[in-house]
């Protein structure tokens, strides 16, 4: 575990607070799913919060983020307003994707958040292309691409790693290894489970890190991101983490034991960090409660906003199949 | 008026048979096929330990073991290609692709190899492969999990494309598909898995060559298949009450298309509506209209209509998705229009 | 009789313009686009050092360097996806896929992302990407290098599909495609690369929204595009000598299809033959017939005909491949048939 | 270079003879292409003969072979009659694929030769499936899959390596690294050009060998094939070779220098081996001439057979889109 020596109180509280924001928002999402306010597929990130929270802090506003369908946490800590995220899950037009994408397809231009991609591995080539554009236009930006252990089996992962390395592109490959791809354990999906070795076969520097330790994820991602920013070409970080909840709301979880889940829950990234901060005298009960209160308040605001949201008129159904006569907004080049 | 039916002994009347679900019917068909022939195995993402994304294969791992109920990594192109290779050397694989959108990752193997190798090799190597693919919208899964590309696949020579809309066909089509020497794609509309209906009759395997009249009628023909079958039957009921007698024909087999049954229906009713959950332009409904105008132009008393999905990536929001999909109301409206049109 | 033409100032009469080849026209268009806009770059297999599989990009590497004339590894899915990503953040990539059969490896990126992201993101991110794909048969390249899938691609909402059949369009369509905010696929029939004809007129960019009447006629409409355009014009000559006046309409834009121009031609001639190198069932010709029967049923004096490729993987042997492809003779025979048919 | 010590005269002559058979046949093919007897794409193997000749000797009749569009040599030494190969290139129905496949699509059931695949990388998953079938049916057979260095960039290579290793399948991956994929040098296509490292990232044992030394290719392939046959799971062999001719008949070869080609030609596998045999007293002028004569005679026979061949009736065009009512022949399972 990375040390607390240099950690400021403020920084510590931000990290804990962000993890709590994700946790509380997603607990609410699960509740709202049962209440049928949210529909379709809902993939919760609960248990993995330290990854997105640590990683996002290593990125700058001008960087780009490409994520998967398990991206609520990434969107939230990247800066997409909770209101817009929740409204999206409600299918309201005030949602970040107008209610057209739902849980799996969160998009946001202000924070350069490029989805919300629900084809496993499908977002990886996009990240390569964004990094290529930056390189060709001489912009010093990083494109961070999140994907799971399951995605590593897809051909697109392989083709993209090779392209990024061959062309020395500023891509930060963030592999969230939660040990399962849906119901398939990594040992049943990968002949070589040490994913860092994959990166090596493309000459891509690889790091692996305890994904339950938010200080470690932040520090590792920052080093990797700086290496990319410094012109070091693509880097790969494997975050070792675990999904506490079912894959989606339809998953009976036949493929793993209650004991295994329980053991991992003992390494809950939030509780671990909370304890460490308390022990180090960096967190008082009051401060803790304040963070919880802030998270709760944000969730409430988000829910109220979503509830108050409106439905996109069906007349708009065919709008944006192609751009409006005035081209759709583009991220500044 | 004669009702076109597949020319085989009539199956035991549906009423005499136990009811089951579409999901159960598929599962039982897989089970029966695997018991009957050790060359048959099921391969795909999460078909084993997870029990199948839509719980179709739940319980099969326990009976047949992991060699024959084979979980694969996320590698659509490779495991579909592996199914082709295994089929070429004597196995009878059933490959499951979780959702039709993901099948695009395997389309090179399907079109450039599975559909091609028999002809390209001068008849040397056939590919007795079955690929099952979940298809269709209506579940708020948005634009990367909801499309209906089965009619589009029907463009490809060398494969057969089945789209069971009834519980009987869902279970009954697997055995003949496995017996077929060539690649057969079976598209299962995921919204149907919970439907129940009369179980397949083992004594009378479904034929996978012909369309079937689900409901005789005289004023207008409603052609459809798969996920739209029930909406269309519902529309026919409504039309009945308005005094419009609609004939509902279930295409069932999208390739090769059973033109004969379709043309003879139009020759009886002189009016046509085609209902298809796929996108309109260049979908299976277009092919149906093309065949009718080529071979039955003078049977038409009115311009036919297509009730298809709006040409959009399916949106998440319920009201928007519903607006994009065919519905009984839309079918009724289209039928009224063609019946009302000048004759 | 009025001839439908794109509503734009008439281009300088072809006669006044220098002639060039289809290949040259494409190359010059790429060169011009790259000189005019530094965001434009060309990416694909062997577009650089090799000069392009069909020599289209020969010489461009020397002028623009390897950053902008970018050779890629054999990774269709990744470099097409990279093109999408680059387009989303401000570049104007021209991605070349060597042969349409290989494009299937990138279809997931094309359909699930390029065609979808703008709608799925609620209008936030558009994809100003151009993909050039060589298509078509007739070169004895057999079943994995010869197909014509452009009409099939036209099924996909969110993309535009162009199929230049003339030298002018081959060169003239690139600039408007690059100016388009959304993904545009341009299919170049490889047999046309050596054709020559009047060069594009920079003053009058080709519009990429409408079909065009290539040859006015009054007895029968012949609709076609791309590699079949010249066969169809040849057929029209032959028919002329038999006293049959054939109107040849070049679809040019397969998505969105210019129904208006097509329907108005049929309204004039009352007879229709659609010529398409793709497989017949579920091809673009089916969509054309469907629109005509939906909107122009009473304009038809005879059942229309489709002259398409035989529904087979294209064979290597010359005589077999020729038997599988549309030809002037087949078009003439079909036209005679529809003209002879009862009116 | 592997030694001659254990090499019998007969064995030596077979190896040299087989290389000559390929060389002479393909020289004839080039000639016939100019004479427009052969059309379409024609990819010559000249310069790479030691790979197929050595590798095929390590295989048994019951094994399967999956090759690419550059497969004349593989088909010939695997045992497909030269007559049927040449007739195929003529497009005659006496050809091994009835004249429907041509140069890129040679197929043969008797020798279990599964193409002739012209989608780069497309044959690799097939090989995995054939090996899977053998494993499931308890047949001890090897499936040898040939592909080029260019194919290594395709996602299907990656997915297939993983599947074969994960499932411990009897696949022999034979990578013919001739340093170019069409006009693209391997350094411009692969971020890591030591291809054996790719195999390692899937836990697949890898070997590399001088593809210009026929004794080395035979010995290495035999060891690898035996390891597979012994239940060792998939193995990977990289053959370092070079293509002496253009990629296809349309290639102006702008991407490599005459000097480079000339240097490699000094390592012509046929001349190298011939010299070694002479020096070792294993080859006399008479024997050499006899081998040349046999090769020439075979080519002549093949050409005559192809010339005398007949065209498939066009009425058969739609035959075999689907199997004949009596299912098309299958390889015995």
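Labels A, B, C and D are assigned to the chains in the order they are written; within every chain, residues are numbered from 1.
In this section, a contact is a pair of C-beta atoms (placed from the backbone, for glycine too) under 8 Å apart; a residue touches a chain by one contact, two chains touch by 3 or more.
Note that the coordinates shown come from a computational prediction; the quantities given were computed from them, not determined experimentally.
S.K.: Could you let me know which interface, B-D or C-D, is made of more C-beta pairs in contact?
M.R.: The greater number of contacts lies at B-D.
S.K.: If you take the mean of the Cα atoms for each chain, which one ends up farthest from chain B?
M.R.: D
S.K.: Could you put a whole-Å number on the gap between the CA centroids of chain A and chain B?
M.R.: Their C-alpha centroids are separated by 37 Å.
S.K.: Where the CA atoms of chain B average out and where those of chain D average out, how many Å apart are those spots?
M.R.: Centres of chain B and chain D (C-alpha means) sit 41 Å apart.
S.K.: Roughly how many whole angstrom separate the Cα centroids of chain B and chain C?
M.R.: 31
S.K.: Residues touching two or more other chains, restricted to chain C: which are they?
M.R.: Where chain C meets two or more other chains at a single residue, that happens at 73, 75, 77-78, 101-102, 105, 108, 112, 119-120, 142-144, 157-158, 311-313, 315.
S.K.: Find every residue in chain D that makes contact with two or more other chains and list them.
M.R.: 97, 99-101, 105, 117, 119, 122, 153-156, 159, 162, 166, 188-190, 321
S.K.: Where on chain B is chain A touching in the complex?
M.R.: Residues in contact with chain A: 45-46, 49-51, 53, 71, 73-78, 101-102, 105, 139-145, 310-313, 315-320, 323-324.
S.K.: For chain D, which residues are in contact with chain A within the complex?
M.R.: So the residues of chain D in touch with chain A come to 153-159, 161-162, 165-166, 188-192, 197-198, 200-204.
S.K.: How about chain B: which of its residues touch chain C in the complex?
M.R.: Answer in residue numbers: 77, 101-102, 104-105, 107-108, 111-112, 115-116, 119-120, 142-144, 151-152, 154-158, 255, 257, 279, 281-287, 289-290, 292-295, 297-298, 300, 302-306, 311-313, 315.
S.K.: Which residues of chain C touch chain A once you look at their complex with the stated criterion?
M.R.: 39, 41, 67-68, 72-73, 75, 77-91, 93, 108-109, 112-113, 117-126, 128, 157-158, 160, 181-182
S.K.: List the residues on chain A that touch chain B in their complex, please.
M.R.: For chain A paired with chain B, touching residues are 39-41, 91-92, 99-102, 104-105, 117-122, 150-151, 153-155, 181-184, 188-190, 251-252, 254-255, 311-312, 314, 317-318, 321.
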